[in-house]
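In what follows, chain A forms one complex with chain B and a second complex with chain C.
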Partner chain A sequence: MKFRIRGMSRAQMLFLIIVTMLYLLPLFKVPILVLHIMIYTLLLAYAATSWNLLGGFAGQLSLAHGAFLGIGAYLAALLFMNSNISPWITLPLAIIAGAGVAMVIGYPCFRFGLRGAYFAIASLVFNLILVEILIAWREVTGGSLGLSIRRINDPLYFQFATKEPYYWIMLTMWIIAILLIKKAKKLRYYLAAIRESEEAAAALGIPVRRYKLVAAIISGALTASAGVFYAQYFMYVNPEGTAGVEMSVELLLIALFGGKFTILGPTIGAAIIVPLSEYLRYTLGGVYAGLHRVIFSIILIVLVLFLPQGIWGKIDEKWSLEVKL
Partner chain B sequence: MLMISTLMFENLINGILLGGIYIIMSLGLNLIFGVIKIVNFAHGEFLMLGMYVTYWMFTLLRFDPYLSIPIVACILGLLGMFVQRFIFNKLLVDETSQVVAAIGLMTFFQNIATLLWGSDFKSVRPSYAGTSVEVFTLRISITRLISFIIAVITAIILYFFLNRTEIGMRIRAVAQDRELAELMGINSRRVYIMTFGIGAALCGIAAALMSPIYYVFPVVGFVFAPLCFVIVVLGGLGSFIGTVVGGFILGILEAFIGFLINVELARAIAFIILLAILFWRPTGLFGER
Partner chain C sequence: MEPGGKIMIVLECKNISKRFGGLWALKQVNIQIKEKEILGIIGPNGAGKTTLFNVITGFVKPDEGRVIAFGKDITGKEPYEICKLGIARTFQVPKPFPNLTVLENVAIGALIRSKSVNEAVEKAKEILDLVGLSHKKNVYGRDLTVLEMKRLELAKALATEPKILLLDEVMAGLKPAEVDEVLQVIKSIRKRGITVVMIEHVMRAVQSVCERVVVLDRGRVIAEGTPEEVSRNDEVIKSYLGREYRLA
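For the complex of A and B:
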């Protein structure tokens, strides 16, 4: 590459070019199915990147992120359906709610020293509690049947007739998340130290509990905002699919597949897993329901046994691309 | 008034009887945790597979669910040994990998069951399933009673197995101190395989006991496995007596709140109890500090 913008590395240039191309993509006649898969990929890439901050960088394996996504989605759906509040207003509210819930859950977990499998159990249980509440509170949440959002196709209400605006919004959200994590270099190094050894990190003067909590709060807040988008894009929320453990596991799979200690790993993971799973669902879903999940759980087990750092993690290990980014 | 108290007593007894089956399943979970230090998130799926084995033996071969217990236990035991040998024994160092592998197993079993047998509810109902016995004007379902009795016998056998046999002592030695046990010439990896096999076999027994009472479907594990986590944590990780007490407490609690308010709330309360115990007394009621 001959031309260079001053102060930019080659990897940064490449990233800029790819992002520009992604923005311009809908201007060409893209089939609607491709656009849908792109949007869904970006959504899960965004949510998995948020998961990765807590689950990957901080090493606190969370099984509660389906719940955070569900909080955002249900908040948007309920406020719109009951009080006619625009989801654009719900978006910051959801971020606050996600942060608040993450703090309420995370503080006792870290205060009482739940680590490893114990933290996984506690987060899983929190997710199960939310699902039970959503099912039990039928009058408001619609129970296990879920809620369909009224369609009015008004941009002021975060509803668009075509898929393109959704695509641009999701792309922007994803870039913000990537840049945010990229810029938070100090946080990432602190979290890496905590992940390797909490005692050693504390001995070096890192406030372990505070930084774990910060990771949980940012992670929860971002995931909740993904939930608002989820509700507005699919116009339907239900307890098990949107807020359930299934979603938590999906985010975990995507992040681990790509590489849990990397910034772009979850995105790479989503870019491989989501199109593949959508393809399998369209072609074989009618005949073999659940086949794509069988394949992915096998991938997950094989991954843990033979490639624990993930695909992007392996590539990054070899050429250390992310440092140059 | 008499009516209400009769209903209450029936619920109490139902809770205790169901608690017996919970205990068998939880003992498996607790054994795996106590010895191998693995939280088996796929435990409910072993139950599910056991229930399907019972179901197919009942529909295809006309096997009585209670007579199929040894066969179900053997099949599940072998599956558990296979899983430990080829997956968990390779992940002994990294706790995160263990959790991820267990979650992978959980989704794998759930979806392979959906793929092979469909997601509809199936039931195992032998001819005597509807009958009940009457004790002091209280009606008790015969299947629940039989299941409870077998569960108690299984728990007693397990207790003596762990405390009085050589294999049981090896298992307990590894649970107490792996390195020291290895120095005494115990092959801890082989003990792990054995332990996971026993834990899965206990799930198989619980499955055979559960199938005449409940329904069989691919995500039935989600109904019972979280309750087992509550029981094990409530009683204390690694404590036999704790699990037994925890199982009865949870069975009764579930029956009462489910009867008085609703079932979802009963589950939500059980989970909140679990969180509270994890935070304030992670060793449970009977665990050692």
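For the complex of A and C:
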């Protein structure tokens, strides 16, 4: 590249160019299906990036992030339907709720030293409990049928008649998350040390429990905000689809596929998996319902065996794209 | 040394006892460590040497006794708090961060006393020069040889800018020439004013750098003195050094 803005690395220039292109994209006549897939990709990229803070950087494999997404989504839907509160107001509330729940779940787990598979199981159980509550508490949550959000197409209520505003909002949220994580360099290294060896990290003066909790809180808060968007975009929430374990697994799969040690890995994972999954669902769904899940399971097994650091992780390792220390 | 010329005790173990099941790993251990000295801790396998380090650095809570550092009672504090106070350790079985580079490994050690990651990196580079690991700085922790991992352990501990450094068998398995290299590093560490406590089986190393040696056997201190005094002690010869050592 010939011209360069002073003080910017090549990677930063590239990021700026791609982001600008992404912002301008809807100005060209993009088919509505493509725009939809892009929005959903960005949403899952955002949520998987949030997952990755706890699951990837800090190495605490969470299977509860469907629940965090669900908390944000249900909060937005319920407050709007029952109290006519704008989801714009719910957005900060969801962030607080996500952080609070993460703290309540995370503290005892880390205090009593649940590691590895034990933490994964504890988080999974939390998610299952939340789904059961959403199903059982029918008068409020609409039970297993879920809730449809009344459409009023009012931007003040986070509702738009076209897809473009959703796209720009989600793109902005995603950029904010990436920049936040990029900026928190010291935190990333603390978390990496904890992931690699808790004893060695503690011996180097890192308060292991505190930083695991910090990771859980930020991760839970961001994922809950993704839930608010989810509710406003689909105008419908239900226990299994929005808050279920399947969502948890999908976020985990996306992050692992892209590269769990990198900032952009989950985004690359989402950019590959979401369109592919939508395509397979569309082409196979009618005849072989559920076959796309089998295909993804196989991809996951192959990945774990041959590319444990993920696609972006491999590229990054080879070319040092994300400038490290 | 304190202004009055009195020798200052920077670390003191008072009556430390630790039991694992029916076994006393440490039994009423009293050790005083003087400022800027190099103290060797020797003894047969299972004597409680590593357990003593674990107690001092907060990884294991003692059943009895106190650990006093810089005049403060640090018994029962968390490992990270003890590191922040200025006591760093290495692990006998190296614990590198496998998916991070050598430079990153060491920089993380420097982070707690650095304002930014960049500052930590600069400190890490210096320390890698000191321990002779600069040429491996972009290698992942998982790809190092065991000997390189031992050096990395040393570099990480040094990066935390300790006042007291606890070294757990950093020379085990090294060739004589490599032992000499590490001894040079330890001497230069002491020149920086750092107090060193080293667990070591390599007697040649102990004799060449340690001013004082404490001998542990089955959780008890059985002898204490200069390396020469200790190596002439009958009980030490019987329990640890062996008969042929006297001849040599």
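Convention: the second predicted complex is superposed on the first by the 323 of 325 C-alpha atoms of A that agree within 3 Å, B and C clash if a C-alpha of one lies under 4 Å from a C-alpha of the other, contacts with A are read in each partner's own complex, and residues count from 1 in each chain.
Keep this in mind: a contact is a pair of C-beta atoms (placed from the backbone, for glycine too) under 8 Å apart; a residue touches a chain by one contact, two chains touch by 3 or more.
Fair warning: this is a prediction, and the values are worked out from it, not measured in the lab.
Chemist: I'd like to know which partner A:Leu252 touches here: chain B for first, chain C for second, both or neither.
Modeler: Only chain B; A:Leu252 stays clear of chain C.
Chemist: Taking the superposition on A as described, I'd like to know which of chain B and chain C A:Leu305 touches: first, second, both or neither.
Modeler: first
Chemist: Of the partners chain B and chain C, which touch A:Phe261 in the superposed model: first, second, both, neither?
Modeler: Only chain C; A:Phe261 stays clear of chain B.
Chemist: Per the contact definition in the header, classify A:Ser297: touching chain B only (first), chain C only (second), both, or neither.
Modeler: After superposing on A, A:Ser297 lies in contact with chain B but is clear of chain C.
Chemist: If we overlay the two complexes on their shared chain A, which of chain B and chain C does A:Leu114 touch? Say first, second, both or neither.
Modeler: Once the two structures are laid over each other on A, A:Leu114 reaches chain B alone.
Chemist: Touching A:Ile206 in the superposition: chain B (first), chain C (second), both, neither?
Modeler: A:Ile206 sits against chain C, while chain B stays out of touch.
Chemist: Who does A:Tyr288 touch here: chain B (first), chain C (second), both, or neither?
Modeler: In the superposed model, A:Tyr288 contacts chain B only, not chain C.
Chemist: Name the contact category of A:Ile37: first (chain B only), second (chain C only), both, or neither.
Modeler: So A:Ile37 meets neither chain B nor chain C here.
Chemist: Output check: A:Ser197 vs chain B and chain C. Expected answer is one of first, second, both, neither. What do you get?
Modeler: second
Chemist: Tell me which partner touches more residues of chain A in the superposed arrangement, chain B or chain C.
Modeler: More residues of chain A are touched by B.
Chemist: Could you give the residue numbers on chain A that contact chain B in one complex and chain C in the other?
Modeler: Residues common to the chain A contacts of chain C and of chain B do not exist here, since the sets are disjoint.
Chemist: Which part of chain C faces chain A closely enough to touch in the complex?
Modeler: Residue positions touching the partner: 57, 59, 78-80, 83-84, 88-89, 91, 95-101, 103-104, 107-109, 111-112, 116-117, 121, 141, 156-157, 159-160.
Chemist: Considering only the defined contacts, which chain A positions touch chain B in the complex?
Modeler: 59, 61, 63, 108-109, 111-112, 114, 116-118, 120-122, 124-126, 128-129, 132-133, 135-136, 245, 249, 252, 256, 288-291, 293-294, 296-298, 300-301, 304-305, 308
Chemist: In the complex of these two chains, what residues of chain B are touching chain A?
Modeler: By the definition above, chain B touches chain A via 38-39, 41, 87, 90-91, 94-101, 103-108, 110-112, 114-115, 119, 222, 226, 229, 233, 262, 264-265, 267-268, 271-272, 274-275, 278-280, 282.
Chemist: Tell me, which parts of chain A touch chain C in their complex?
Modeler: Listed in rising order, the residues of chain A that touch chain C are 185-186, 189-190, 192-193, 196-197, 199-208, 261, 309, 324-325.
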